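The next part holds the structures, each set out as structure tokens.
Next come two complexes, and both contain subunit A; in the first it sits with subunit B, in the second with subunit C.
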Partner chain A sequence: MNAHRATAAELGRGLRAREYSSVEITRHFLERVGRANPSLNAFLTVTAERALEDARRADLRIARSEGGPLTGVPLAHKDIFCAAGVLTTCGSRMLSNFVAPYDATVVERLAAAGMVLLGKTNMDEFAMGSSNETSYYGPVKNPWDTSKVPGGSSGGSAAAVAARLAPVATGTDTGGSIRQPGALTGLTGFKPTYGRVSRYGMIAFASSLDQAGVLAQSAEDAALVLGAMAGHDPRDSTSVNAPVPDYAAGLEMPVRGLKIGIIREFFGEGLESRTGGAVRAAIEAFRALGASVVEVSLPHLPLSVPTYYVVAPAECSSNLSRYDGVRFGHRCAEPRDLMDLYKRTRGEGFGAEVKRRIMTGTYVLSAGYYDAFYLKAQKVRSLINADFKRAFGEVDVLMGPTTPTPAFAIGAKIDDPILMYLNDIYTIGANLAGLPAVSVPCGMVDGLPVGLQIIGPHFAEERLLATAHAWQRETDWHRRLPPGYA
Partner chain B sequence: MTLSRRDVENIAHLARLEITEAELPVYVGSLSAILEFVEQLSSAATEGVVPMAHPLEGQVQPLREDAVTESDRREAYQANAAAVEAGLYLVPKVIE
Partner chain C sequence: MSIEWETVIGLEIHAQLATRSKIFSGSSTSYGAAPNAQANLVDLGYPGVLPVLNREAVRMAVKLGLAIGATVARRSIFARKNYFYPDLPKGYQISQYEQPIVEDGTVEILLEDGTRKVVGVTRAHLEEDAGKSLHEGFGHSSGIDLNRAGTPLLEIVSEPDMRSAREAIAYMKKVHTLVRYLEICDGNMQEGSFRCDANVSVRHKGRTEFGTRCEIKNLNSFRFVERAINYEVARQIEVIEGGGSIVQETRLYDSSRDETRSMRSKEEANDYRYFPDPDLLPLVLDDAFVEDVRGQLPELPDAKAARFARDHGLSEYDAGVLTASRELAGYYERVVKAAGEPKLAANWVMGELSGFLNRDGLEIGAAPVGADALAGLLRRIVDGTISGKLAKDVFEAMWSEHREADAIIEAHGLRQITDTGAIEQEIAKVMAANPGQLADYRSGRDKLFGFFVGQVMKATGGKANPAQVNELLKRMLAGP
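What follows is the complex of A and B.
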């Protein structure tokens, strides 16, 4: 069976044409997971029984000609999304025993669309990391080269889709955690506008930045899955109450006349030359499709990493204060008193990077330092946002690299936090300004994928998906499979 | 900006994190490096700039009817707790 060579959209069409059943393709993907997961470590939990139940139900719907384009199509969820009755660890020892008592809205909506849950994917602990090495459950390997990282924090979802253990997977993006692993594994990684997708049941890291999205094989798949998961949710007060366009219907929007801005600040020092070359060539290729390309400058963008490493840890230190060993999660053995319970539970339950970020956040919010760090960072965030606004007054979309280099070696950066943080130098800006952005494969360097990043103004999802789709009609980078997984 | 061991011990206490003797120098080093790194923010001119608290302008906190929307699922939620008795969460004795 070749179901793994089909996109989610193609599988949906094949299912509705009765070329195969959902049970058949679900078994096929479960078998692939069983074979490849011991080496890739992409899945933390495989929900085989539930998957086959979901698939049987989907087949019944399809037999009655019910359901939609995703009914019966398998997927994997990043282990940051609560799925009722399923272990939900967030990559942490702290939640190593946490069985979610309810579904995240994303999980609920994709289940309602008829998608089949294969399992939960590995991730950096509490989504804090850019390499998937901070997971309590061990690093994920990049299917293109297992000595390399798949990126993070949605590294398990990226590796799972890249190796075609799942046709599509969910992710979350706080500073690049969908786009960066998408770039490093040759996928279409889509991060919607802040508030486009409900955060209910999605374990919080930095609430003013967190947004759910998709790791997919194509813009078409991203459009279908995003359309099914987006929309207003009264259970998330930051969820935007605006209608969700039919993203799949908008894919054919022409590129002719599109105004593209190349971000000057993204092509300076630190960008590996062949990665930069592949991205520049891709942007140039849009001219042939009838787009115009101009260089634009966003002078405050180089400050996005330091801004992020004040704002995100501050929000993280507050969000993660809920892990106290009382109501759920890890609890230390034989606490002497309440303080001992808190300190040992948190000391044991959190890994090194999470503790580092909690302490950074605690410091920048503490009396005497709040103005110098937190308030200053929120002001610089305003300046970065204003830079984007100015740029979108001149162009429709912005383009540049997603990452400074292709996938790096496991172990290369884990001992140097700053070096690791600089991986997200091109992705963080979109999070600070709440903008939608996508990474699409645009070349290979030494056998490793390179990503082109496209950033749009708020709620320009349709435009971004159509631009990515136009690119994928002209190229086949997104169709390439890692050797050994064909 | 260089933090001392005492500074880090104090931050860890505020954050309710137990840090071992072996971990302490590692955090002294990396937290100092991070604070030094974020100090480049001071190069930005921010006089009169309004701090950004939310990515979307004009989003207001929505209100809803003051009505009961949740059902009682105490047992389901407490199934995840380490120690429960008679529907109550157990913690070490707080009052002597």
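What follows is the complex of A and C.
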């Protein structure tokens, strides 16, 4: 069976044409997971029984000509989303025993769309990392080269889709955690506007930056899945109450006349030359499609990384206070007293990177440091926002590289946090400004994929998806499979 | 030479808002459920859950703001107050910090000596309550009950404007009255729905700078507030006069020993690392919302008291007492409406009625003698059927027998004797039985008049009309 060579959209069409059943393709993907996961470590939990149950139910709906374009199509969820009755670890020892008692809104909506849950994917601990090496459950391998990282923090989802263990997967993006692994594994990684998708049931890392999105094979798949998960949720006060357009219907929006801005600050020092070359060539190719290209400057954008590493740790230091060993999750053995319970539970339950960020965040919020760090970072954040706003007064979308280099070797940066943090230098800006952004494959360097990043104004999801789709009609980078997974 | 000291007090009142559900979750707020039966995933701080603000709590906070003439902020911010404690599930409390919903109001208090004083209210902000830690009955462990976690609180912070425990009590009682008028808090102090922290310092009279203050936590009765403040003032004066100095600290009041004890010093205080809660957008109120709330405000106690004083000729103090609760004021108004006689009604409501309610520990709504029944009794006083003195016995019988005044009067034969001939007869008998006193009276001992009144009343079982007795006695004692 070749179901793994089909996109989610194609599978949906095949199911509705009764070319195969959901149970059949679900079995096929489960087999692939069983074969490849021991080496890739992409899945933390495989929900085989539930998947087959979901699939049977989907087949019944299809038989009655009910459901939609995603009914019966399998998917994987990043292990940051709570799924009722399913182990939900967030990549941490702290939640190694946490079976979620409820469904995240994203999980609920995609289940309602008829999608089949294959399992939960590996991730950096509490989504803090850019390489998937901070997971308590071990690193994920990049299917393109298993000595390389798949990126992070949604590395398990990226590896799973890249190796076609799942046709599509969810991810979350706080500083690039969908786009960066998307770029490093040759996928379409889509992060919507902040507030477009509910955060309810998505375990919080940095609440003002976290946003759920999709790791997909194509813009069309991203459009379908995003359309099913987006929309207002009264359980999330930051979710935006605005209608969700039919993203799939908007894919054919023409690129002719599109004004593209190249972000000057993204092409300076630190960008590996062949990666930069591939990205420049891709942007130039848009001219042939009738778009115009101008260079724009966002002078405060280079301050993104330090700003992010104040704001995100500050929020995480507070968000992760609830893991205290009292009500759920890991608890140290035989605590002597309350302080001992706290210290050992949190000392044992959290890994080094999470501790580093909790300590950084606690520091920047402390009396006497708040103004110099947290408040200043918020001011820079509004300057970065203003830069984007100005740029979108001139152009429709911004383009640049997603990452400075293709996938790097496992172990190469894990001991140097600053070097690791710089990997997100091009992605963080969109999170700080709450903008939608997508990474699409645009070339290969030494057998490893390169990503082109497209950033749009707030709620320009349709425009971004149409731009990515136009690119994918002209190219086949997104159709390439890693050797050994065809 | 002894120095005169001045006490400076500021209060932080925590009023639990009378919403049906919690401030950020749909759990019920009702009191007394089995431990943790009213804590859902949001209250328990489960991974992935998010707070959603209860609109009713906002409406209630706005009500208070408008009632105290404060500024209702069109934009306020919820912050996180971070600290670890087992009864604080998220490891932070959501509370308004830098931009509260209510700022800069005033509350006027009326003291027993008739003086009025305006107490400034710095701010009132919305926040969630924590759960409860239970340290008894669990062996070496502690129990946690999170039913209260997430209950909406309005923290009302006064200026340090009060100068005695009495002023502090008067202020606290006034706020208590207000929140119940506004129906935003049930005011139940035993269940902790209305409690306060008191900031207390002393200074030499005439000084303008404040002394070092201590904060006394969690006072849940008016009596405790008064005692705790008085103890604390005496303690601080003793420390300073003994050559020591006051250390800024948080203290606990122990009611069984009637003393305050140190809980933690300023140095041990937490750094709460406040920052705006990214899960909640700034709370933005438009004018229409605020005006809508304003339109729903009831007549407030000060306005009601002024109206009572003006329309019913009551003293300010009496008007203040009668308007201390909306229910009492309503009762009084119903009595006046049915019987007229606003002054008589005021005396009865503040006197007998309040006395019996106190004695039996009843709320006014549960009084066995309703407003119409009391009005019935007052009508019989006014029309002379019974004397004021007898009326008290009738009232007591109404209270215990749950019957109307007329029924009691009939059944007990208490109708007043107003028949002049009958009274004259009794007077003649009394004069005949006391010839010595009569002779003394007639020789100038006027004070014996009272003795004869008493004898006549005794002889008639108290039923003789006192005015008639007076008049007839005067004439008959004077002699033919």
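Criterion: the second predicted complex is superposed on the first by the 486 of 486 C-alpha atoms of A that agree within 3 Å, B and C clash if a C-alpha of one lies under 4 Å from a C-alpha of the other, contacts with A are read in each partner's own complex, and residues count from 1 in each chain.
Here, a contact is a pair of C-beta atoms (placed from the backbone, for glycine too) under 8 Å apart; a residue touches a chain by one contact, two chains touch by 3 or more.
Remember, it's a predicted structure, so these values are computed and weren't measured experimentally.
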First (subunit B), second (subunit C), both or neither touched by A:Ser208: both
Partner chain(s) touched by A:Arg35 [first = subunit B, second = subunit C, both, neither]: neither
First (subunit B), second (subunit C), both or neither touched by A:Tyr370: second
First (subunit B), second (subunit C), both or neither touched by A:Phe98: both
Per-residue touch tally on subunit A - higher for subunit B or for subunit C: B
First (subunit B), second (subunit C), both or neither touched by A:Thr238: both
First (subunit B), second (subunit C), both or neither touched by A:Leu338: both
Partner chain(s) touched by A:Thr360 [first = subunit B, second = subunit C, both, neither]: first
Touched partner set for A:Arg327, first subunit B, second subunit C, both or neither: both
Touching partner for A:Tyr194 - first (subunit B), second (subunit C), both, neither: first
Subunit A residues contacted in one complex by subunit B, in the other by subunit C: 98, 101, 208, 234, 237-238, 317, 321, 324, 326-329, 338, 342, 362, 366
Of subunit C, residues touching subunit A in the complex: 41, 44-53, 80, 82, 84, 86, 89-92, 144, 271, 273-275, 278-281
For the subunit B and subunit A complex, residues of the former touching the latter: 8, 11-20, 23, 26-27, 30-31, 33-35, 37-44, 46, 49-56, 59, 61-62, 64, 73, 76-83, 89, 91-94
Complex contacts: residues of subunit A adjacent to subunit C: 81-82, 88, 90, 95, 98, 100-102, 104, 199-204, 206-208, 234-238, 314-315, 317-318, 320-322, 324, 326-329, 338, 342, 362, 365-367, 370, 374
Residues of subunit A touching subunit B in the complex: 97-99, 101, 193-195, 208-209, 234, 237-238, 240-241, 300, 303, 305-307, 309-310, 317, 321, 324-329, 331, 335-344, 346-348, 350, 352, 355-356, 358-360, 362-364, 366, 373, 375-383, 385, 417-418, 421, 432-434, 458
